[in-house]
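Paired with chain B in one complex and with chain C in the other, chain A is shared by the two complexes that follow.
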Partner chain A sequence: MTTSTLYPDTLQASRQRRQLQLGLALLAIALVAPFVAYPIFLMKILCFALFACAFNLLLGYVGLLSFGHAAFLGTGGYITGFLLTRYSGLTPELGILGGTAAATLLGLLFGLLAIRRQGIYFAMITLALAQMTFFIYLQAPFTGGENGMHGVPRGKLLGLIDLKNDLAMYYFVLAICLSGYLLIRRTVNSPFGQVLYAIRENEPRAISLGYNVAAYKLLAFVISAGIAGLAGATKTVVFQFASLTDAHWHMSGEVILMTLLGGVGTLLGPVVGSSLVVWLHHVLGGSVLGSWMGTILGTIFVLCVLLFRDGLVGYVQKFVRRNLR
Partner chain B sequence: MTLFDIPTAALLGQLMLGLINGAFYALLSLGLAIIFGLLKVINFAHGAQYMLGAFVALLLSRHFGIDYWAALILVPVLVGLSGCLLERFLLRPIANQNHLYSLLLTFGLALIMQNLFTNLYGSSGNAYPTPEVFRGAVNLGFMHLPLYRAWVIVAALAVCLAAWFVIEKTRLGAYLRAGTENPQLMQGFGINIPFLITLTYGFGAALAAFAGVLAAPLYSVSPTMGANLLIVVFAVVVIGGMGSIVGAVVTGLAMGLIEGLTKVIYPQAATTVIFAVMVMVLLLKPNGLFGKGA
Partner chain C sequence: MSNVVLETRGLTKEFNGFTAVDSVDLQVQQGHIHALIGPNGAGKSTFFNLLTRFLPATRGEVLYRGKAIGTLAPNQIACQGLVRSFQISAVFGHMSVLENVRVALQRPLGTSFHFWKPASSLDRLNQRAMQLLEEVDLQGFATRKTVELPYGRKRALELATTLALDPQVMLLDEPTQGMGHEDVERVVELIRKAAVGRTVLMVEHNLQVVSSLCDRITVLARGKVLAEGDYPAVSANPQVREAYMGKEAAHV
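Take a look at the complex of A and B:
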């Protein structure tokens, strides 16, 4: 929902240098963070950041609002949990791969149905499909219904590194989320991503230029669903349990809020937004305000939509572009 | 007497329950369709406004002794007015933005309302007394139909019919239909379109609140009563398309019946059957059964 500007070569170079510096600084922070903050909390942020980035690939770069992304987060989590609990010989990375594959497949099914309608219908269809998935998980015997799936083993990475150590787990999660983020970044900056831009800005024109718009949308949807599933799968291994919360429509709403707060259509926005929301849950969860979470998140939603549509990163970017040419 | 090995009485009983659910689907999808027609906004707060209707009726009866009949008129007016204010001060400022923002705004409001009522009145249900006249049941020969349930179907259909009449046969309705087709042109003819939009949103909210009051004696009044219902109504809207009022009503009732039938044949699928129908409709007729284009 923001417009990209084309820069002359020199500006482009200085912009790229700035981006590289920022990226390296953030990476350095991520590498030292577990020695300063609680690793489990950081891993939660990382998983939700990846989830929000996956969601933003659709909303920010194709202009499609999915109201059913919780289904992919939940599916990734449940299938990974099921695989790791059932087959004790399975290493965690294979379990995560299985969960991701399941979410990708579900994304293909959802995508084939949902891209038949546009705009507001797209949001309603994804929401309804996700609700159907939720009811299936509620009744299916393997998920443990409302109790959730407990005692998922973390296991040994590649059969070698014991992930019961939180620090080892943290660097594994960091590697997964970083790869997911870089994949999204690569997708957005590729020729494929440029066509997605074109579809977002003017779909009829993209069609008249000869692009198979439906196929592009579908592929973007499947990639987004797969990465959301990867986030859910990783989250299950970290917390050793999977629950209905991750598949509920509240979660679909929350990921929209994370993206909106950080900045729709910016690469780092979802990371910032999800960090803030997870932090808010962490701080308020134990306090008297915990039961008012819905009101607080709802109010942030309304304020973001009314006054703050570019999000935090969007505003910083605008500021930087205006002042640091 | 049995049909497919299912006792006829049980079947008819479930179909009757399905018809009542269908009446609510019809009322709510009608309101959504009217709002969408003029505002191009999907009202995510519709479920919350339905819940609000039931709660306001409950609170009026608890604190002011206002009975069911007065509530049936008063509550839609109050909720409708709150809807007008909401449109004027929150939706209008972002009317020129991408319509997805309006959807997100109403979603945020729904979250706030639901959470507010949960904190104030707890998440468990509250009973609303059935009005005196409708206590008891009528024997239809094959089943006992509680009088209140019969009233719900009659009232819901009457309101749908009235809405159809207002929109298709009156001058105000003509403005509304013309405004849906081409708001700029209507504005040029001297029709106050912004005011009409405010009124339309208020009317949609009032319809949801009316459904809420109707539902209050039937289901327990709880803060989450609207949220899950709304998602099913969305599926109903996708199935029917938002093209026509008759379409919304017919689809709503039909989906209620299908749900009731599923409860008898295969109860485990009762929560998912409408979504499954939606999937089939999307595959066969992507614009919906009564839809006029994407």
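Take a look at the complex of A and C:
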């Protein structure tokens, strides 16, 4: 027996068709966007979207609130920056790979220490570990401390394509972020994702079915950390610098806002949420309201939690489901 | 006695000086449906948690097929064929009914950590999952979201999920709790069917269920074994009557 005989054909097919249409439309927009908008700005959105998606893998699909994801974003950025600055022969994709690997390892370390704790204790341990990481980056000589790490070369992709060209850089970043997104999507819809879902729904029952729950959570944490590192690494190559901002706990807070605003536990929610937040920073940053940024974001956060618990994408999904049934 | 499959020796659990389970010696025979009864607060659920290591014991040991399992993690115990259910129906609410059973079936495939494989790689388990659903009369609900099922059906689904692991010993914690009359009868029949070739240890309040289903009964009161035997023996025991119904009833 296959799924098609179990699920009403038309319903599933139409849902898949709708998803495919939406995906293609978004891809088309992403492909032409750099001709309409400023590529650097778009790349910033893409990097944060990937970061938020990585965070959402944990919060939305495992039910773990990490308050230390800035450490992975920062580590990806610093290690990539360090590698590309120190070893001039290194191509950018290898530098990014190195940064991602470092963030993945740090994720394994954090995960091993935190994963058996629940709820607020888990959040607090991740926060504490991320703060330790922050202070290491503040003091370590290679990061440039508060001045940040400047002049990271973009280099040539595979030694062939010059990434100083913003358009080439944009499509490279798009490819990275899309791959990261698809990896998360697959993770959620995999045998592993099924077990994660079961754990989130009823952890004691998952244990009684023989699953080593901590190991599954740990793997999800490591994947999430690695992809957050990938986002940070890519961001460093785009902007050619890495700074403490990315490793600061503000960043861990902001990614929560991005995810909640867009819709936690939806695949596209973090993409929408992060685009909005980055856009708000862009618009407000240049205006008289710039110094009110924290207040405005805080207000949005409160409204979001009080009125739109499902976030924007969650809200739209509910609406579509209700009206297309 | 060689056909004892599950045994406890002096099993004890203390919470800050309060002894919830007090040196319990219990032997469950292979193939039996064994009931654990007792008034509220007798320590039945705690005892279950000790058997499956959801709680660590203060003293004493649990032997499963002759081996002490005190050092295993709860999930490892499940992997060895000693599988428990819970007092409150334990299902995965937002998964479909079929997926609930499938998530129990997928572990032996060994692909449960494979985050790069599509979930459709699990479709080959659908047929077996449907068989299990048929056994508990849920085949018509396969695609439904589990939260939408009525309570009795959820308990049936939980049983199907447990059976998916093909356990040697099933520990059922109040399988008929909170059910209407018809549901109770259905679940009793399901347990009777599921118990063929297996051993069942169940906590149960409904004495009618116990009398019709169980081969042997252990009565717990205040954490201690008060009596043990078959239903007529246990129900005639004055101490048991006292524990259940108060002092006067014991003399009736």
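Please note the rule applied: the second predicted complex is superposed on the first by the 316 of 325 C-alpha atoms of A that agree within 3 Å, B and C clash if a C-alpha of one lies under 4 Å from a C-alpha of the other, contacts with A are read in each partner's own complex, and residues count from 1 in each chain.
Simple rule for what comes next: a residue touches a chain if its C-beta (ideal position, glycine included) is under 8 Å from a C-beta of that chain, and two chains touch if they have at least 3 such contacts.
None of these values were measured; they are calculated from a predicted model.
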Three-chain arrangement built on chain A, chain B and chain C clash or fit: fit
Partner chain in contact with A:F135 - chain B first, chain C second, else both or neither: first
Contacts of A:T245 with chain B and chain C, given as first, second, both or neither: neither
Chain B versus chain C as contact partner of A:E201, first or second or both or neither: second
Partner chain(s) touched by A:L209 [first = chain B, second = chain C, both, neither]: second
Contacts of A:G298 with chain B and chain C, given as first, second, both or neither: first
Chain B versus chain C as contact partner of A:Q19, first or second or both or neither: neither
Touching partner for A:L306 - first (chain B), second (chain C), both, neither: first
Which superposed partner A:S190 touches (first chain B, second chain C, both, neither): second
Lowest inter-chain C-alpha distance for chain C and chain B in the superposed arrangement, angstrom: 10
Footprint overlap on chain A, where chain B in one structure and chain C in the other make contact: 1
Chain A-touching residues of chain C, taken from the complex the two chains share: 52, 54, 73-76, 78-79, 83-86, 90-95, 98-99, 102-104, 106-107, 109, 111-123, 126-127, 130, 142-143, 161, 165
Residues on chain A engaged by chain B in the complex (per definition of touch): 1, 65, 113, 116-121, 123-125, 127-129, 131-132, 135-136, 138-139, 249, 253, 256, 260, 291-295, 297-302, 305-306, 309
Residues of chain A defined as touching chain C within the complex: 1-3, 6-8, 183, 186-187, 189-195, 197-198, 201-202, 204-205, 207-213, 215-216, 219, 223
Residues of chain B defined as touching chain A within the complex: 36, 40, 42, 90, 93-94, 97-101, 103-105, 107-112, 114-116, 118-119, 227-228, 231-232, 234-235, 237-238, 268, 271-272, 275-276, 278-279, 282-283, 286-287, 294
